[in-house]
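As structure tokens, here come the structures.
Two complexes follow with chain A in common, the first pairing it with chain B and the second with chain C.
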Partner chain A sequence: MKTSIKKTLGITALAGGIVVAAGVGVIEYNLHRDYPMTITVASGDALKAKIARGQYVAFAADCAACHTVPGGASYAGGYSLDTPFGKILASNITSDKETGIGAWSEQQFNRAVRHGIGSHGYLYPAMPYTAYAKMTDQDIDDLWAYIRTVPAVDKAVVENQLPFPYNQRFLLAGWNFLFFHTGVFEPRKSLNPEQNRGAYLVEGAGHCAACHTPKNALGGDSSGHAFQGGTLQGWYAPDLTPNPYIGLGGQSVADIVTYLKTGSNKTSVASGPMTEAVENSTQHLTDADLHAIVTYLRTLPASSTSVPIVLAANDPRMLKGKLVFQAACMACHVPNASGIPNMIPAFAKNPIINAPDPSSLIHTVLRGMLGPQTWQNPTGAGMPRFDWKMPDDNMADVLTFIRNSWGNAAPPVTAAMISQMRKNIHADMWSGIKKPENGLN
Partner chain B sequence: MDYTRPKADAVIVGLGWAGSLMAEELTRAGLNVVAIERGPWETTSVNFPPAIAADELRYGVRREILKPPSVETLTFRNDSSQTALPGRDWNSWQMGYSVGGAGKHWAANAWRFSVADFQMATRVRERYSNMKLADGLIVQDWGITYDELEPHYDRFEKIAGISGKAGVINGQVQAGGNPFEGSRRNEFPTPPLVRSHWNDIFHDTTEKMGYHPFPIPAGTIGGAFRNPLGIELAPCTYCGFCGFYGCGNFSKSSPNICVIPALTQRSNFTLLTECTVLRINKSKDEKTVTGVTFLDSDGNIGYQPADIVCVSAYQLDNVRLLFLSQIGRPYDPTTGEGTLGRAYNYQTMSYGFLYFENEYMNPFISTGALSTQIDDFNGDNFDHTGLGFLGGAGIQALSDQGTPLGMTDRLPAGTTQWGSAWKKAFAHSYQNYAKIQGQGTSYSHRGSYLSLDPTYKDANGQALLRMTFDYNENDRKMSSFVRGKIDDICKQTGAKSWETVSFPDKHNSPFRPYDSSHTIGGAVMGLDPATSVLNRYQQHWDAHNLFVLGASSYPNNGGYNPTGTLSALTLWTAKAIIDNYVKSPGSLMR
Partner chain C sequence: MRRRVVLKAGLVLMSTATAAAIMRPVGAAARVLRGGAGKWIARETPPPVPVDPSKRIFFTPQEENLVKAIFDQLIPADDLSVSASDAGCVVFIDHQLAGSYGKASSRFKGGPFQEGTPEQGDQSKLTPADIYKIGLAEMNDHCRKMSGKAFEELPAPQQVEYLEAMEAGKFTYKTIKSSELFTQFLTNVQEGFLSDPVYGGNRNMVGWRMIGFPGARYDYRDVAELKGQRLEIEPVSISDRI
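Our next item is the complex of A and B:
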């Protein structure tokens, strides 16, 4: 047994060596090659219009999501992304010449944004160049015009905080070979112009797949499951396909546009990273573009997840969960769980409630959340945190009850899942836990 | 280290209802506004969500949402021959603390004053020219009429999503509302609250007696509502944790829910929290003010220059800040001259405490403003000829009390107050107790006023405010009359026993349970600089760029809670600033 493992490892190492040797040449070529693009030179009003278009592209691409720390200077970087491989900080993209990208050329900008090669070599795909690659020359050109107007902020950021071996940037050459498909978006004949515009935004600047497409073990998009929901940073980004049950099929186009515009609609309220996406990005898009995004999502093949068998109402978990619901949830979410439109989410037939992965629900109940604040809906009604207040079993039971009542049906939530999530997201322990008699935790 | 901040178009002192409404108006008009708040930043979903708010020990008993007396209190005496002493424990004064001010813990009774309340001097002249007023009583007009204020009441009610039933719309009396109210242009934005069982008993009783019961206007929202600032409000859940509590359900209107979310999106709005304004700074010629000086949470002294200063702290703090800044002439009770601190007034309370026998009042289903009221004996809604007093009271069946700790003494007279006999009696009376409140008018008196205390100081070494107040002859006569009316109603309700109380039968004390928190006046508005601190736009007579907002402006109190009126007055003043003052700074009385 031991011998066979050693032999396997030996063969793998040999094969790896050959790949590395072959790869070095490719890496050297890619890192230094030119990526030609069409650049227009503008001045006066034309430049103003170009900068305004560039700002719109920056909204569509949600650059601020990572490059602006909430409450910090715009685009000065430092936002931490916790990936399964370790921590990566977003870079400073202000016009500061030392710590930002003020000394860059447009060619360098293009190479980073669409080709994943920055000043230190390969970028990590936490920067969604895999999606931005689809953006047109004009959008990149306009974006560059805008980015150059961002005031310089002197703030050094050490982006790469990954452990070995992931801190070795050359490895990305292999990753790119496997998962990165270059090339500007090509309109599809199967789609009408509006749907093509939506596809361009969703797959390109919007980089929706970064969260909403499940990832494989190497962090690449799981093939055949585009936009069928993904888990990252303790949140589940729901299925965007027309699946009527866990996807968007049960909501009207207008409702989803309202959600993207305001952060909420009559059923749902944004939570987790989507709150930031709405605040920083989608609320700034035109109604026409939001409509295009949704009509494109409507053309995706529906995921195959079918409705599970609902838990019996007299299941002990359901009975206990109902009591917890009445005591802790009902005041705001109202007795029939219909919520309050545009501020407090409904539970009945809400796709995130029925999601196969309950991460977002557990996360929200444990840590609470500040609601989305947008120009059209500044309410910001939030969810209080219950980590200190509710033990694991009560929280599991109430989520199980909510996921199996009012027409919902979804796999039960276990106390072990709650316990694990507490650790993962550094939530507080339930304050009712007895401390050991020696007084130590 | 002392520092000076960049100059603002306007600085606002205190971010409660008045401050936040003023900030909303001024920033929407494009002005650069800095608000300064003594307490910390607080938001509903973090600081008092339903997971936290419904805690009677924390908020009902320990009053964690109020300004602690250790931060600042005031001294009190009944008349100027006495030495005032500071209120060191919780008492009737319920000052707000932190962002949102008293607008977080209010009971959300969201009234308009009656037409007569603004013009009692005129009313006395025209209707009661032969009436002999109580000696020393101060009755003067506000310089503004109900009709002038009506559009601003309307705007406030929409921002706050007030629930209720209109009694008079465009002069037409509406069934189910208060037929005595001033005419309004619109129905309430959200429907009235569902009546409690006690409300029902009172409604039927008073209707049979020929009176006109109606649901009171409440900031406990009657249904899901989007306010004019785009903010969503949720319907009230009747949870019973209302007055003294922040509302976690987004269903009791507060500055934090209804206004501040919009302010936080405006780049021309800046908020400094945990900064205590020490004084308003005067220009060299003392004809204007230049800004405010504050103490920040690091112990540094900051100076905020501004073209306009709006003081919108609690009524008592408004008056105190004017004293500390030496702006205006202090009132002298011996000569009657001077205006600052003059015309302090209050709220004159009377009650009926009733005990039924076999009811299920279910008092845990309640809000701070779950009331059915009759206004037949309020203000000047009835003929006072031959009665010898002015004013009256709103008489209401109030279902605002269901938390168990606070009800442990709600027992018929003579009940054992301890042991198993008490437990049995309490369990019974919890379901059988009910309350009728007479919330009465108050007119200022020559002997009641505010001044700086000569002895006691706060932690910053600044003198505390001193209150000199007792009920006057008008209060005693009025309240005795109202108590009689309450007694008549008690008899008809079917209660087994009851007691009625008129508060002016004793000297006023801040430590008397069930007394009002409505301290009023002291820097009042009017048409004559000899008898008012502010003109009819709440603009200071002596410094045209100083505006003082709040119940400190009222020369007399209506038989209503003050918040709705001070909010409407703020919007009235904001309009005057935006439409006239900004374009041409100077006295608005030109």
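Our next item is the complex of A and C:
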């Protein structure tokens, strides 16, 4: 799977950057200050503990998602982010002095992670420094202690492979001026300590808003819609607010913790970029931190999406969709659509099934998926791809049926949406049976 | 080895295994899987490529006409179904003969070649493709000599008569036994009529609809208890539109 959370962030952020740059960008507006680095370097057991904490911060920040190529050396970079503007490669952050960041000072590291300024100038917001800016001095210091222990890998990466004019890094100054609000996380009085810890993880290292907050026309976060779900690169990252219908309100805190820890729960299984986020990041977090994350999400204002009117069961799309469901889906997802807990998602009252945007559903049906493989649930069941097997109309009808049965109600899926998604994600065409011309045997 | 030694050895083995299981340090699994990079990925199965019914890739036009005439007597259009050729059975066997089935790829093809007993199955060195090429030519020659007409030109009752004699082994062809050639045709027309439409036959799942077979479905939990009744389940093909 080539998609990742950071990659999706990169595309929208970059889009915004370019647009803003056209107007504002020529002025290099440096509004970022360095934070004082007051933490002393420890040694012996204290250093070991510090490095362990730093590794934990690296998990929470999901650095591996982009800086490690799947199957490649850890943190050696080279992961390609294919944006509509061209290619950006994640950098080598091993301790190699020539090709990595082994020759960097902690100040330089801090400037890159929290301020978006690297050795070549401004970083592209594919690197989520907008969220990392909220991380504490202590966490940055621990992370630096850990990163320095990553074995050196001699691998030169040319990060910026964008064509002109997008390859001009100073353009990012304008984008930062509009969308980058610098400053370490401040605990809020309205939240209890656990909720504040959760907010710190969600808004800081976890950079959840990268996908789960819809973007405005310039690629910045849409104000007033924080964590209400967003669509990037053919995946819909669902609503994380307590909305009981399409958000997380219908699931218990324990269920959501289980999802983040194992990749699945009674109702849901992670798909798309979230699979990587669970494997690389959330499965490694402590139960206390996962609990904190969910209790914070519970404090968000619920999105106000009205429930659509359910499609009539005798609608032709529903009748055909039911037939397709029985033939293609029912064996694993079970006749009453309850799925199999921690393995195969349920359809009944599953928020992603009812999501206003069916992108993730279409994507999964077309390309299939491998479930998350975690240390608590190593089996990671998969779903076969249906792109070659199912024509657009059958796929649209079955998704429409699933989204309007067992208490679900959501806008119908059209054959045109399936056809468009096939093109967008380079899925195979339906390889169905050609009907013979007349006169042939 | 004496019995006591065996028992002792067994006891030692059992206790060692138990101890290993109990004494294993906390968190030490046989193999720790953490997902992410280096995870196990299933190999993808290549999807089937449906037969293109507009292409004839093995038969000559003359052979095709002869096979069509034979198949349409074996499965004629009637109250039960359309004819074999309308169901795509000729397309089916044409593509099969051009592929690994025609070459008998799954069979040992070295000698020695002996008659064998009926229980030993086909012992011939002829592949299905050989049987069709040689058999159709010999049958055509024989029919023309006997009746002065090609088989496909004969009126239907005479075609049936001819096939019945073939089945009974009454004709002597140069290379192939007439009864064996008949069996070959009968087997293949049935296969074409009942195999998945993706292979060119069983067009619109006509064969499956006739016998009430639901096709490439894989879940019957809802109907498993319904014994002795016709279920009228809409059949599905591997990759046809539903």
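Criterion: the second predicted complex is superposed on the first by the 389 of 441 C-alpha atoms of A that agree within 3 Å, B and C clash if a C-alpha of one lies under 4 Å from a C-alpha of the other, contacts with A are read in each partner's own complex, and residues count from 1 in each chain.
Keep this in mind: contacts are C-beta pairs under 8 Å (C-beta built on N, C-alpha and C of every residue); 3 or more make two chains touch, one makes a residue touch a chain.
All values reported here derive from a predicted model rather than from experimental measurement.
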item: First (chain B), second (chain C), both or neither touched by A:K155; value: neither
item: Touched partner set for A:I433, first chain B, second chain C, both or neither; value: second
item: Partner chain(s) touched by A:P391 [first = chain B, second = chain C, both, neither]; value: second
item: Which superposed partner A:H225 touches (first chain B, second chain C, both, neither); value: neither
item: Partner chain in contact with A:G71 - chain B first, chain C second, else both or neither; value: second
item: Partner with the higher number of touched chain A residues, chain C or chain B; value: C
item: Touched partner set for A:V324, first chain B, second chain C, both or neither; value: second
item: Touched partner set for A:M383, first chain B, second chain C, both or neither; value: first
item: Which superposed partner A:L370 touches (first chain B, second chain C, both, neither); value: both
item: Chain B and chain C footprints on chain A, overlapping residues; value: 328, 331, 370, 373, 375, 378, 380, 382, 385, 389
item: Chain A - residues contacting chain C, complex; value: 64, 68-72, 74, 263, 276, 278-280, 283, 320, 323-324, 326-328, 330-331, 335, 370, 372-375, 378, 380, 382, 385, 388-391, 393-394, 428, 430-437, 440-441
item: Residues on chain B engaged by chain A in the complex (per definition of touch); value: 43-46, 49-52, 224, 226, 229-232, 234-235, 237, 239, 248-250, 261-262, 264-265
item: Footprint of chain A on chain C - complex, ascending; value: 32-42, 44, 47-54, 64, 68, 85-86, 88, 90-91, 197-198, 203, 216-219, 221-222, 234, 236-242
item: In the complex with chain B, residue positions of chain A that touch it; value: 328, 331-332, 340-344, 368, 370-371, 373, 375-386, 389
